[in-house]
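Provided herewith is a single structure, encoded as structure tokens, for subsequent inquiry.
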Amino acid sequence: MTSTHSQRAEILVEALPYIRRFAGKTIVVKYGGNALAGTSGDDALNVFATDVVLMRLVGMRPVVVHGGGPQISELMDRLGKQPEFRDGLRVTDAETVDIARMVLIGQVNPQIVSAINVHGDYAVGVSGEDGGLIRAKVRDPQLGFVGDVADVNPSVLERLLADEFIPVVATVGVDDHGQAYNINADTVAGEIAAALGAEKLIYLTDIEGLRSNIEDSNSLIRQTTPDDLEELIAQGIIAGGMIPKVRSCIDAVRRGVRRAHILDGRTPHALLLELFTDDGVGTMVHDRADGAKED
Amino acid sequence: MTSTHSQRAEILVEALPYIRRFAGKTIVVKYGGNALAGTSGDDALNVFATDVVLMRLVGMRPVVVHGGGPQISELMDRLGKQPEFRDGLRVTDAETVDIARMVLIGQVNPQIVSAINVHGDYAVGVSGEDGGLIRAKVRDPQLGFVGDVADVNPSVLERLLADEFIPVVATVGVDDHGQAYNINADTVAGEIAAALGAEKLIYLTDIEGLRSNIEDSNSLIRQTTPDDLEELIAQGIIAGGMIPKVRSCIDAVRRGVRRAHILDGRTPHALLLELFTDDGVGTMVHDRADGAKED
Amino acid sequence: MTSTHSQRAEILVEALPYIRRFAGKTIVVKYGGNALAGTSGDDALNVFATDVVLMRLVGMRPVVVHGGGPQISELMDRLGKQPEFRDGLRVTDAETVDIARMVLIGQVNPQIVSAINVHGDYAVGVSGEDGGLIRAKVRDPQLGFVGDVADVNPSVLERLLADEFIPVVATVGVDDHGQAYNINADTVAGEIAAALGAEKLIYLTDIEGLRSNIEDSNSLIRQTTPDDLEELIAQGIIAGGMIPKVRSCIDAVRRGVRRAHILDGRTPHALLLELFTDDGVGTMVHDRADGAKED
Amino acid sequence: MTSTHSQRAEILVEALPYIRRFAGKTIVVKYGGNALAGTSGDDALNVFATDVVLMRLVGMRPVVVHGGGPQISELMDRLGKQPEFRDGLRVTDAETVDIARMVLIGQVNPQIVSAINVHGDYAVGVSGEDGGLIRAKVRDPQLGFVGDVADVNPSVLERLLADEFIPVVATVGVDDHGQAYNINADTVAGEIAAALGAEKLIYLTDIEGLRSNIEDSNSLIRQTTPDDLEELIAQGIIAGGMIPKVRSCIDAVRRGVRRAHILDGRTPHALLLELFTDDGVGTMVHDRADGAKED
Amino acid sequence: MTSTHSQRAEILVEALPYIRRFAGKTIVVKYGGNALAGTSGDDALNVFATDVVLMRLVGMRPVVVHGGGPQISELMDRLGKQPEFRDGLRVTDAETVDIARMVLIGQVNPQIVSAINVHGDYAVGVSGEDGGLIRAKVRDPQLGFVGDVADVNPSVLERLLADEFIPVVATVGVDDHGQAYNINADTVAGEIAAALGAEKLIYLTDIEGLRSNIEDSNSLIRQTTPDDLEELIAQGIIAGGMIPKVRSCIDAVRRGVRRAHILDGRTPHALLLELFTDDGVGTMVHDRADGAKED
Amino acid sequence: MTSTHSQRAEILVEALPYIRRFAGKTIVVKYGGNALAGTSGDDALNVFATDVVLMRLVGMRPVVVHGGGPQISELMDRLGKQPEFRDGLRVTDAETVDIARMVLIGQVNPQIVSAINVHGDYAVGVSGEDGGLIRAKVRDPQLGFVGDVADVNPSVLERLLADEFIPVVATVGVDDHGQAYNINADTVAGEIAAALGAEKLIYLTDIEGLRSNIEDSNSLIRQTTPDDLEELIAQGIIAGGMIPKVRSCIDAVRRGVRRAHILDGRTPHALLLELFTDDGVGTMVHDRADGAKED
């Protein structure tokens, strides 16, 4: 019996209280398009896929939500189409929304599904058009087919979860006339977490977490509340691309999601570290009334 | 009371025996990429979508399977990539299979899903990668990532049907290592019909039906059997692109699908005409032992 | 392809939104004894039966309620018993209630069941005595065994509907001592619709609908509300045998039935015309708060 | 504590092994029209109804099947119609079958249903026309609408039993064209027992049981087998109206019903005496291979 | 037919309304350790077991709760350990609680299970430690491991009842650290009855019932209410070992149990006499608002 | 991020294929009475309990079976009763079987249940008397109430497993008259594994595994088959107390249990080491036809 073996047993046993705590709980994970891009994307994806399968096998009900900004830009580039942004949002004409749909549903989504399914027939790709999952509305006519979430019908996700599948959601929405819209994936993740009454909403990002002082790497916020986050946005400390994530965390927690997390997706197994250690990693958002001791 | 109204009532009443006959039956419909291409594609798609929703509402369980050859060629063209065919099959390198996947799953599939869902939250898009639906194997190493069907795991379709959704299947398969393959959609439709124990397998094509004499437009075959079709293939009367369809009809009927049909998808509402009239349209394949009178 | 065929397809497609609207909805239809009497009764019954089977096959849950006044009078006549009416209600001694029961349960009910079941094993006859469906109480001691509805226990109907049968209800009730009562079928239909939470309550009558001026055939009321109907009764415009029907419409809509209809059962397929056209036929009663556009 | 009370407890306890033995078992009881006729009919019916409710409450699944010969004759008589018999079978013209149907379904059936339902909402009346229960075929064209059983579809009975109702069956059958037939109730009881895989088929008759010597009241047969009964019929010892009962006993036991009984329905609580005592009463038919000790 | 047989039938029929009234109802029966002790214990237990099986077979859902004081004392005596009581409660050190657990779970419980299971595979023994049934808390540190009920998790009982087993409960509880406690069985019976929403809570004791004057054997209280019982306790009329029983009756009725009973378990079949006669036996406690006529 | 954390993640990920392999599988574990005895018994039990809870939380369905020989001897000793053995089997008079029952069901069983339930409401103690689990028969009249397994009715275990409980089985059996028997726990474990169609049967013993040469500690047998084990018994290499274990392994594998294991229960977390490493520990028995590579 090598020491490694008994060590392995010890670590499994240490995981027991975490497994018990999250058994049967729905956990929505936003996986960023950035994480998939670049040469190391495949390895990172495989590690992520393993974590998600492990979550499922120990009894959690993970739902993966993803975007794909860099991949959309890349295909537009190959097709000779110039991306145009206004206030950080992509101006989306009819051709662009077709490209976005093609990339999100036809490239990024199956890439994630396939990485998970190397472990078994677990994942099923879903777009916001499937079963009326995401009803979209125009966000700003000047931006074209950029949508806001008008309504979420989570029944297709609930059925897939009941059948023990892992849904992987591409964040394309559709309006009543069948027109597709590109919707911010961070926002969709929060809406889905709220609609499913999830236990947790986890953003895998490329930052370490939120900071109280953007310049000071020692100012990482470990725990915070929706009210405090509102304050940080008002003060301009949270800004730019973080705003949709943080807004979604605020909304989700206010609508009953127990914990929202902003983690550093560049750390290998960040998901497991968050779920299976007491300290957790990154920034956790919880309701003020809810003591943050546990989890 | 206008005469139109009472006429409407009469026609509904005439549909009654057909509705009764197919209630609860699974009907696999192969919808061709050709039908979607071109300027009139949208209208045709809307008519098709209406037919499928009607089938579902009167109690059938339709499954739509689609390809997308012309759309793949078009995107390759826009990306400056030369399609290359060998014996009528597209040589598919890694980049091409990515393009095919993007087009089938991310363009054609949501187009069909969206046309159906204008009527309600019915359709859910599925690729062969979802829930391990289509396990692929290499067809011919010289063709690259062109696959044959190694195995069908219909459970994701069965669950969606049980939940009263309409599955729309993009014919991409995946091997054990997560590598995607482009697979002939006609073949996939037949395999799925057999795996689901379907009542009918219907090919919507751009021909009127099979002919016993390819030159003679009066030689349309109304009813035939697997054995007779084998004979026609041996004689070279059935040839070229029709072969995968006809082979799939033969296999499906031999594996228990009660009827296989080759219809002219250019006729509006061809599906309804087949399902709701005694004469039917196009060519029907049935087991010899099974009297062909009914249906 | 004859033009008739494509026309048939068009009409089926036009029925689609109506089928969708009523899928899974319970629809209580009162079928009058008058409709069954006379030489043309059989043909009318066959048309009615077809309509009911079609409703069931496209996903509605029809419940048929019937009376049988003319048939009761006829048998009394053959048995040499003089019918006696007081204020339009049949004075019902012990012998008369036995005759009524025999006619309603043993003659009219199986006639309807049998006409429906020519199409399949759909209909099951039920009397108010079965499973305690209709608990009766004395209406007026001077009338003998004429009952009012004391209580409806819809569980036998709910079970039959859940098992996908079409219940056909003979309107005989029973008190706690097992004594049978003859109860007005219009009243029973309304009580059952309310107890089942039906979507619609439809009276097939031998008038075209309600009129605001009884003399003026152009004064047909297309849509009205319970309050307006109360007013018409108070004004004496609605009178006589129409009162139980109209009272039942008022009560049913007030207790949550979404629409009540008074149709001309002499029009062939009046049921289908009401259900599958936008204009509808006859008079519709709806809650004031409930916009009447959609139906 | 009076001695009566403890005696009551003792007797309940003695019933325990019988209750256990028949828990969940289907028991088909044929109740004769004779039993209902005459002035004492009501009392006898009430006793019978109590027995059936008790069977149901201690966990058995009773099904009651009844005829109504005397009642049919009586109504024919009142309507001035002469009954005509040929070989003991009633010649049944169209008018007669209507009368039979009216009496069986509309008079006798609700009489039994109502007697049972004084104890609760247990009984549901069913005719052979309901849910396609009894498909009839012509027995002998000279007899008119006298039917044989062509087929039994027990699903309506199975559903009612699963819903814990007590089905009461009027023995009218129907052919594919919706034509009603009068069918011998003894025969129907046997067919239904076989179709339901009943544990017991019990005939309540007005004889004490079968005799091996028709003249000798001491020759009561307590137990016998299908083969021995065939012999007694061949010898003419069993004859006349007993033949359909005995034939049905033979057939039912051969098709898997565990016991068939011919009891004296004139004995109060004959059903309970048979079910709750070791000796039983009347004549029991069992398969030869099946030791007759138990039950 | 002997008169005994028809008498048996009559008595069964008289039981019918009681069977109907309690069908599907949960009945918690506290069976005392005293009843099991002594030479006649076995016979009494067999009679009790028969009653419980009969209750189950006629559709009730009995739950048996037992203590075992005399048996605990006996084993302590054999092991040379002196029982020590303080205010009528056993001082329970670590060794004593182990002895109590051994006797209750390992001796008394299987004795009852085994007596019931002679009739079939009905009973399943359960202790308060199983599935977290009884969470205990310290009652008084001076008494050692004597517990009060902190919480009841009835799910293990609900599952066993749903599976049609008869649970037999040994009244040992456990705290969060896995420490066992001896808990008063009368108290546990009341808590379980309340947690299960039982219809009845029945104490089988060795007294005839409660008396309004302890000296006067004619002062048996037949019916009373929680308020009146509080008064009797305040007046000292109810005292000593009866207090936990009476307190539990009061609490259970206040928490929704419909009737609580204190019966004389020495009367054979006391359970059946209470359940199957109108007078009942012993003392019944009911809510004042709830008319006590019907029981 | 300490290295310990990422190491923890790695080890969890390595466990993934094992978790997947055993998800939903029933695993019967025999836990010896020896393991519980002595001062270190409690710690060992806590480690064992943790392992069992972990098995359950990652989706396995563990069943624990235990004996308690040393504890029985100890109580006999305290009660001044001399244990008497014949051929290694305890002679069991009426008093002894009562003591054995008390110890197994009332002492050892709740000790294990309680150790597991510190982690949650998982375990439910069951004896062979509950729900007719183990029907016993006399093994040898000279041994008194020592039983063999006559029959196993696993329904109580199946129900508890379906309700996601962990059954803990005390190996007392009962005959048709309610007489209890002491039965060898090793034998019971094998019978239960076979009756449940378990994936694995694991014996936790106080030896390292089986040896091919009893003197040579290097002769540990890693894998073997029923036939080879028969040979080793015939040769006397397997002898004494190991025989019931080994016989049970042979029988269980022959009756369809996929793997039987003899492990050293003294190694901490031996269960996890067996389940979560490729090498496994101790001796594994498998069917010859079944390649032993996997597992």
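Order of writing sets the labels: A, B, C, D, E and F. Residues in every chain begin at 1.
Just so we're on the same page, contacts are C-beta pairs under 8 Å (C-beta built on N, C-alpha and C of every residue); 3 or more make two chains touch, one makes a residue touch a chain.
Here the structure is a predicted model, which is why all the values come from computation and not from measurement.
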Contact-graph distance - origin subunit B, target subunit D: 2
Any chain in contact with subunit C as well as subunit D: none
Most widely separated chain from subunit A, with each centre as the mean of CA atoms: D
CA centroid of subunit D to CA centroid of subunit F, Å: 55
Centre-of-Cα separation between subunit F and subunit A, whole angstrom: 45
Subunit E-subunit F separation of Cα centroids, rounded to whole Å: 35
Subunit E residues counted as touching two or more neighbouring chains: 120
Category of the chain touch graph - line, ring, star, complete, other: ring
Chain order around the ring, beginning at subunit A and proceeding next to subunit B: A, B, C, D, E, F
Subunit E-facing residues of subunit F, complex: 78-79, 98, 101-107, 109-110, 113-115, 117-118, 120-127, 129-132, 153, 155-156, 159-160, 163, 165, 172, 174, 176-178, 180
Residues of subunit E touching subunit D in the complex: 1, 5-16, 19-20, 23, 50-51, 53-54, 57-59, 119-120, 267-269, 272-273, 276-277, 281
